[in-house]
Amino acid sequence: MSPSKHLPDSHQVEDPSLARIGAFSDAVFAFAITLLILAIRIPHPTDADASQGLLDLLLQQWQSLLAFALSFMVIGINWANHRVMFANFARANNGLVWLNLLYLMVGVAFMPIPTAVLGEWLGSPKNQVVATLFYGIASTIGGLVFNVVWWYGAYATKLTHPDLTARERHAHTVAWAPAPVLVAMLTLVALANVWISVGGYAVIVLLYVLPLPRLVSRAKRARGR
Amino acid sequence: MSPSKHLPDSHQVEDPSLARIGAFSDAVFAFAITLLILAIRIPHPTDADASQGLLDLLLQQWQSLLAFALSFMVIGINWANHRVMFANFARANNGLVWLNLLYLMVGVAFMPIPTAVLGEWLGSPKNQVVATLFYGIASTIGGLVFNVVWWYGAYATKLTHPDLTARERHAHTVAWAPAPVLVAMLTLVALANVWISVGGYAVIVLLYVLPLPRLVSRAKRARGR
Amino acid sequence: MSPSKHLPDSHQVEDPSLARIGAFSDAVFAFAITLLILAIRIPHPTDADASQGLLDLLLQQWQSLLAFALSFMVIGINWANHRVMFANFARANNGLVWLNLLYLMVGVAFMPIPTAVLGEWLGSPKNQVVATLFYGIASTIGGLVFNVVWWYGAYATKLTHPDLTARERHAHTVAWAPAPVLVAMLTLVALANVWISVGGYAVIVLLYVLPLPRLVSRAKRARGR
Amino acid sequence: MSPSKHLPDSHQVEDPSLARIGAFSDAVFAFAITLLILAIRIPHPTDADASQGLLDLLLQQWQSLLAFALSFMVIGINWANHRVMFANFARANNGLVWLNLLYLMVGVAFMPIPTAVLGEWLGSPKNQVVATLFYGIASTIGGLVFNVVWWYGAYATKLTHPDLTARERHAHTVAWAPAPVLVAMLTLVALANVWISVGGYAVIVLLYVLPLPRLVSRAKRARGR
């Protein structure tokens, strides 16, 4: 077997409809990630508060910038994980189409809304808990549905590539399952302190950005045997 | 004949311009489905009704969330059906380009507008009938043009793959033709009761999500002979 | 030579960077065509004029719907022509990258603005001439730059496929050159009567939708010799 | 070796995941460049200043049109450079995924915001310096991260194609490194005079549009040996 056969993404050429689902998903990811800028207000010279000066109006939006950056990385991580997940699939079925669509709806396309709400209401003493809970619940549901898509494709209907060992399959499950649990716990933390909750999301982002190479290299090592 | 020859989507590689129409359509589907979030209002702390609190402002939008979810699945179904339709075509002509463009206009790109209108005006006693009629008429026209594209490509100008049997062609026609009729009937129901009408759309969505595997397996069985 | 060698779009596989420019252009086309819905106002129940009722608010927007439909077909035609133009190119150079980018800016990405302005101000006695002139000037510039891209690629730097005969090249030039001239004339007509001007755009759309098959078949006949 | 082997973009077919990162980036570029029109206000007949007439309202926006055109070309240049950069990569790793995502966030998806701010506040004596600094700082950071991505892929983790000579690698570094330095200097110029600063951006755009052919031909010459 040639080494190129082992590149995960090359699997997708085996089923053109799988490639088309992946391309559609990528477009929704790319569009939703770009639409996150809707969270940032563009101050107009005719606005009621324009007399404060542009500098003040921009600086007041640091929470929105924070929410934009956080969600950009979250959707980016989801895109990268989605890419890895679909690279493990060798074919598609209708259940995958619909579950993936459900994931794109709740976990990707909807995210600009809680992102904008979080950015606008962080700092409002009465409402910042609701904003953080809204963001956390949306993220938790998105993470859950991501895992459902993986469970459906990898275990329930066995869409994965024949090359994929039980060990690799398990490694992905172990890597992806904790995320919604952690996010749900952080969501509850918001009831006590929103800043610990939001800071926790940032930590999860870093955790996911860093361990992925290890996961992939572990999987490659397993395949290389 | 190799089995991969029977994968529907692989037909599209035979005509590059067909592939490019499909890719353009997919992009419009992906953008329109993501733009549906325009139906959901982002409450601002400076809004006139901000004193009600964020929780109230979010909860008041359950109709918009419902309309977003409904239209997301409707456009998703249309995307999946469009994918199946184009997988049956072996080549493109200019008529297909223009009819498909007309479909993308009325059946896909326009949908964020009636979706937002439905979500905003459901619950307004005087106007919810108009909102539901607007949504229903737009959906009916979209469904009709979808069928016109199929009729044009499959019957009028015979763009379908030579492998496609008359029986399979007929199976698709039978699967797609009832949708605009059902939607038109539900649109009329809105004159009596908008909630039965909207609930009916949700039922049609479920009907379309579920029987597709059967249609495809039936077609595969027919081809497998 | 196999007949598939003569399919215009298959040329693009010869130069991957040409394919990538085409894919980028397609994405801008698909996004701009979907963003045209920004021309249509979504009436809110809290708007100052909401007491008129939703039906009135929707019916008042028939000019915006007209402008949306007109621009959707105009961008669709430009996409189809752009597709044909790039199918005639065998390779790309930097001049093509920048001129094409200029075209995407003035002729595609900008169009949602004059479309929205036309839809909003048609019917305003004092301002509809300005709105129609704005739309016409933008369309004329877009059409001019489209022809500059073709002239640059087909004549100045000879990026076209070696198979392309001088006759075919000329046929495309003859087909595309009149559009900006006609649009410029219609723009001037707006000074006398905006409705004749807007109606004229609709006629040009139909003219371009219909003769394209003839142009292509003529080109195919020429190639078939 | 066939000459097509030397086409830079053809490298990407060697690693499908690299191709998918490139396609995702292209989509973000295409959406962000189209979303720049958010910088241009659509005047409504019901606006408070509508009595000034549409012509006045459009003419007052010349700064926004300038900012739109400037940013469109800036993002276009970044897209073209990004295309060249990724054509030099033969494979991807996770560091490239995350650094590229960071670049797409700060250097591409965010740009519609400073573009809109620049267009709206140029001409406001008290605030135009802040607007130009905001635009300049965002552009500088974007340019810096672009160089970090190149440095990471070309030097730190050696993702570049084996064919790429040290000389070619150096030529790219020399071509891309000065941009953020120049932009940072122009940002400081804004403290003295915003118009020299904005005019300087336009000059940099032209500098980048023009010398690229020379860089590429130099690289081709080097490879042709």
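The letters A, B, C and D name the chains in turn, as written, and every chain counts its residues from 1.
The working rule: contacts are C-beta pairs under 8 Å (C-beta built on N, C-alpha and C of every residue); 3 or more make two chains touch, one makes a residue touch a chain.
Model, not experiment: these values are computed from the prediction.
Visitor: In the touch network of chains, how many steps separate subunit A from subunit C on the shortest route?
Guide: Counted as steps through touching chains, the separation is 2.
Visitor: Applying the touch definition from the top, give me the chains sitting in contact with each of subunit C and subunit D.
Guide: Neighbours common to subunit C and subunit D are absent.
Visitor: If I list every residue number at the interface of subunit A and subunit B, are over half of them used by both copies, so same, or under half, so different?
Guide: Mostly different residues: under half of the interface numbers shared.
Visitor: Which chain has its C-alpha centroid at the greatest distance from the C-alpha centroid of subunit C?
Guide: A
Visitor: Between subunit A and subunit D, how many degrees of rotation does a Cα superposition need? Round to steps of 5.
Guide: Rounded to the nearest 5 degrees, it is 90.
Visitor: Please compute the C-alpha centroid of subunit B, do the same for subunit C, then give the distance between them in whole Å.
Guide: 26
Visitor: How many Å are there between the centre of subunit B and the centre of subunit D, using C-alpha atoms for each centre?
Guide: Centre-to-centre distance between subunit B and subunit D: 36 Å.
Visitor: Quick check on subunit D: which residues sit in contact with 2+ other chains?
Guide: In subunit D, 23, 27, 31 touch at least two other chains.
Visitor: Give every residue of subunit B touching subunit A within the complex, in rising order.
Guide: 7-10, 12-13, 22-23, 26-27, 29-31, 33-34, 36-37, 40, 42-46, 53-55, 58, 68-69, 72-73, 76, 79-80, 83, 87, 209, 212-213, 216
Visitor: Write out the stretch or stretches of subunit A touching subunit B in their complex.
Guide: 15-17, 19-20, 23-24, 27-28, 31-32, 35, 38, 48-49, 93-95, 97-98, 101, 104-105, 109-110, 112-113, 116-117, 120-121, 124, 126-127, 130-131, 134
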